[in-house]
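In this document, chain identifiers A, B, C, D, E and F correspond to the written order of the chains, with residue numbering beginning at 1 in each.
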Amino acid sequence: MTVSVVYPGSFDPVTYGHIDVIQRAASRFSRLIVACLQNAGKDPMFDVEERIALLEEVTGDLRNVEVAAFDGLLVDFCREHDVRLVVKGLRAVSDFEYELQMAQMNRSIGGVETLFLTASPIYSFLSSSLVKEIARFGGDVTDFVPPPVADRMRARRW
Amino acid sequence: MTVSVVYPGSFDPVTYGHIDVIQRAASRFSRLIVACLQNAGKDPMFDVEERIALLEEVTGDLRNVEVAAFDGLLVDFCREHDVRLVVKGLRAVSDFEYELQMAQMNRSIGGVETLFLTASPIYSFLSSSLVKEIARFGGDVTDFVPPPVADRMRARRW
Amino acid sequence: MTVSVVYPGSFDPVTYGHIDVIQRAASRFSRLIVACLQNAGKDPMFDVEERIALLEEVTGDLRNVEVAAFDGLLVDFCREHDVRLVVKGLRAVSDFEYELQMAQMNRSIGGVETLFLTASPIYSFLSSSLVKEIARFGGDVTDFVPPPVADRMRARRW
Amino acid sequence: MTVSVVYPGSFDPVTYGHIDVIQRAASRFSRLIVACLQNAGKDPMFDVEERIALLEEVTGDLRNVEVAAFDGLLVDFCREHDVRLVVKGLRAVSDFEYELQMAQMNRSIGGVETLFLTASPIYSFLSSSLVKEIARFGGDVTDFVPPPVADRMRARRW
Amino acid sequence: MTVSVVYPGSFDPVTYGHIDVIQRAASRFSRLIVACLQNAGKDPMFDVEERIALLEEVTGDLRNVEVAAFDGLLVDFCREHDVRLVVKGLRAVSDFEYELQMAQMNRSIGGVETLFLTASPIYSFLSSSLVKEIARFGGDVTDFVPPPVADRMRARRW
Amino acid sequence: MTVSVVYPGSFDPVTYGHIDVIQRAASRFSRLIVACLQNAGKDPMFDVEERIALLEEVTGDLRNVEVAAFDGLLVDFCREHDVRLVVKGLRAVSDFEYELQMAQMNRSIGGVETLFLTASPIYSFLSSSLVKEIARFGGDVTDFVPPPVADRMRARRW
């Protein structure tokens, strides 16, 4: 029995926290599809092509990981890829409540089950938006995102 | 790639909420081992043999589900059964905080990853201790536990 | 002693979750006024006239329920209608914190007491914004909103 | 339409926080029954007769308030008194989660609806167990409990 | 050993809740710098000069309190002022989660430690945004902000 | 202005999580008194003399740290030591709620202010009770407690 999972997100940009979830899920499941949301809010730092290129670069050594753009409902994406499991990383209680609501909805409308992994403690305070805010003010983000992402964030600022 | 999971608990007694998690996990994973904690607190309603017998009775139609007693550390149980994934049902935020702490600890000491499923909304308020309290005062528990459990709870009261 | 209550919200659109609160409150109190907030955020799906028309249609069989538009402070609305009790449905902890803050403020500035009902478990994951997002991407919302609302949401999409 | 409510608790002992809920509920509803749980945990400070006597003393000026002992299931107590509404005070999120679970259960098994009031901010940190701990070490509790309760707590210590 | 602390915020406008934190922190630490965020969201009621003038007016009697504008990263502000401690007031759990994330990040990128004070209960429901909403609809805010702030809020409305 | 703080706890036994809080607080404040609660629950692993001896051993290199036993009310301990600040480490939301209640009470009865530090992420899942449970079943605790504590825990098991 092959178990495939989808890991959805905006990944604007991908952080070490996301990579940690990807590695842990990839080591436990047969196949992991990283679903990169096309429309990443009002003012994305990177467009979806760049975000996918960065995801592919930083997950290139994981053989059972694929990256794909997605738009619309997550349950439709799952159906198209014939996957019935979604993986999410949980950092905090406030994450949990929103995610729980989404999980119930996705199970209700599409029969898709969500599995929650706890964020590794050292990444529990990390979020893409915090990293972007630090970069915006010239702070150092090399502890939070892998080198290719840090490079492009620096380039973006000038 | 076969994906086996362990579902631990006291199951004193097993409720429809537990059965819901068992069914959902069993339908997504190759093999599910229900790990029944021998020492279920100070004043258990059923001893571990009864709890296991009830679990086996109510999961008898699920072919990839096994039931086993466990004592000691969950990570040792997982190692003995060669499983690296644990499944837990989450009902509420307070569950989440304790479970998150346990999950981090189990990953730290035994490399065991915990996957959280959200409880089905209709079972989100259900717990073994509430069911026992209702039964203790002569209330009707047939909505919360399967018939064989309800029968034994009734028998226990006299 | 007649006990009247106000149930405020945006109702953009009214869901089965709202209707559940309305029915439960209407069965316990003498009179229930549904207070429909005129300004329902930046980008409402329905204007206040449509939202009120839908509310009236789906609560038409409840004799002690009225629907009214409101703008400004809730405590002023309550004073104008000579009501000193507000009813809110609580789904989750994050709801609770914001609602608790509002409740304390409304008691402080207007002597209005807020009573919280817990959302029925089957509607605990339901919100107007989730329903709108599903409809926006062509998903089926008939499990979440009553037929007249589902009809207008479908019409709205073309 | 007369609206009666039950306010359950251990009241070991009654604090200004409880009295605040009683006063607020009594001013909004036709009739309030304070249901004093007979079995108040393992090591109660006051037995149920003393707790009821104190409750009656401190609520004596509220004409629509009664005090009664209760044992067993709250839904049975409500049925016997022909009441379908329970009132509880909420102080914090952790209160909320347990209370929400109880509320869903009571609605499920007995058709009893629970209304939550938010604790007044100045009493939000007050609990019977904290007050008992302060008294046990000779601290001053006159800010937290009414004079007759403070008197008996002092007497109890020698 | 002199202990200096920074108290950051938008203060749009300063409320009695902020003043309570300022007074309590000023009485415990050698020196308190109120750091007023220049960019206070999309639609501030007062620009940074007005907000600082009001802060200075209402903290004028506290000799070890200074007010300064800040922009950019809080850790840079702290480094420039040679301070390694930040003070924040916590009202609710949802505050706590976001603040905890910020605190971990600030410790990680700048070695700045955050100390949390609990909001005084009577101010636990108070926020600048709620106060602005009340003022916007002509409500009375004199219980929530000091007189000079209330005056300017009234003036602003015409 | 000298700023002294008290850090209270059971320390049964002291973990790396406690030591992290002690080191961080000691580096920011003039003087830190570790207040070791004599009565550490029903079934302590170590008596108060052993717990204090271990605390002194593991904090021996911190010159501004003292260890003392305490019994009774924390506010009395603070008064006797002429300290008006308490430091606590926060790991999770559920910690926060109980601690907030205690902090409000201690401020109310003794004028003692509580400062909360966030636990370092890598220790966020660590607790004395979890460590004891691991040790009880023969697990390895060397990642969670310093060597002298691990030694005595091993000795205790035989």
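Just so we're on the same page, a contact is a pair of C-beta atoms (placed from the backbone, for glycine too) under 8 Å apart; a residue touches a chain by one contact, two chains touch by 3 or more.
Quick caveat, the model's predicted, so the values are computed rather than measured.
K.L.:
If you apply the touch rule, which chains end up adjacent to both chain C and chain E?
P.N.:
Under the touch definition, chain C and chain E have A, D as mutual neighbours.
K.L.:
Moving step by step between touching chains, how few steps can get you from chain B to chain C?
P.N.:
Step count on the best path from chain B to chain C: 1.
K.L.:
Using each chain's Cα centroid, which is most distant from the centroid of chain F?
P.N.:
C
K.L.:
Counting residue numbers used by both copies over all numbers at the interface, does the chain A-chain E contact come out same (over half shared) or different (under half)?
P.N.:
Here the answer is different, because the shared fraction of interface numbers falls below one half.
K.L.:
Rounded to the nearest whole Å, what is the centre-to-centre distance of chain D and chain E, using the mean of the C-alpha atoms as each centre?
P.N.:
Distance between chain centres, rounded to whole Å: 37 Å.
K.L.:
Find the geometric centre of each of chain D and chain F from their Cα atoms only, then give the gap between the two centres in Å, rounded to an integer.
P.N.:
Going by mean C-alpha positions, chain D sits 34 Å from chain F.
K.L.:
When you check chain C against every other chain, which residues touch at least two of them?
P.N.:
Touching at least two other chains: 92-94, 97, 100, 103-104, 121, 124-125.
K.L.:
What is the complete set of touching chain pairs?
P.N.:
A-B, A-C, A-E, A-F, B-C, B-D, B-F, C-D, C-E, D-E, D-F, E-F
K.L.:
If we count contacts the way the header does, which residues on chain D are in touch with chain F in the complex?
P.N.:
91-94, 124-127, 130, 133-134, 137-140, 143
K.L.:
Touching chain B in the complex: which residues of chain A?
P.N.:
Touching chain B: residues 1-3, 24, 28-30, 84-85, 90, 93, 96-97, 100, 103-104, 107, 113-118, 121 of chain A.
K.L.:
Can you check the complex and tell me which residues of chain B touch chain F?
P.N.:
72-73, 75-76, 93-94, 97-98, 100-105, 108-109
K.L.:
Along chain D, where are the residues that touch chain E in the complex?
P.N.:
It comes out as residues 92-93, 121-125.
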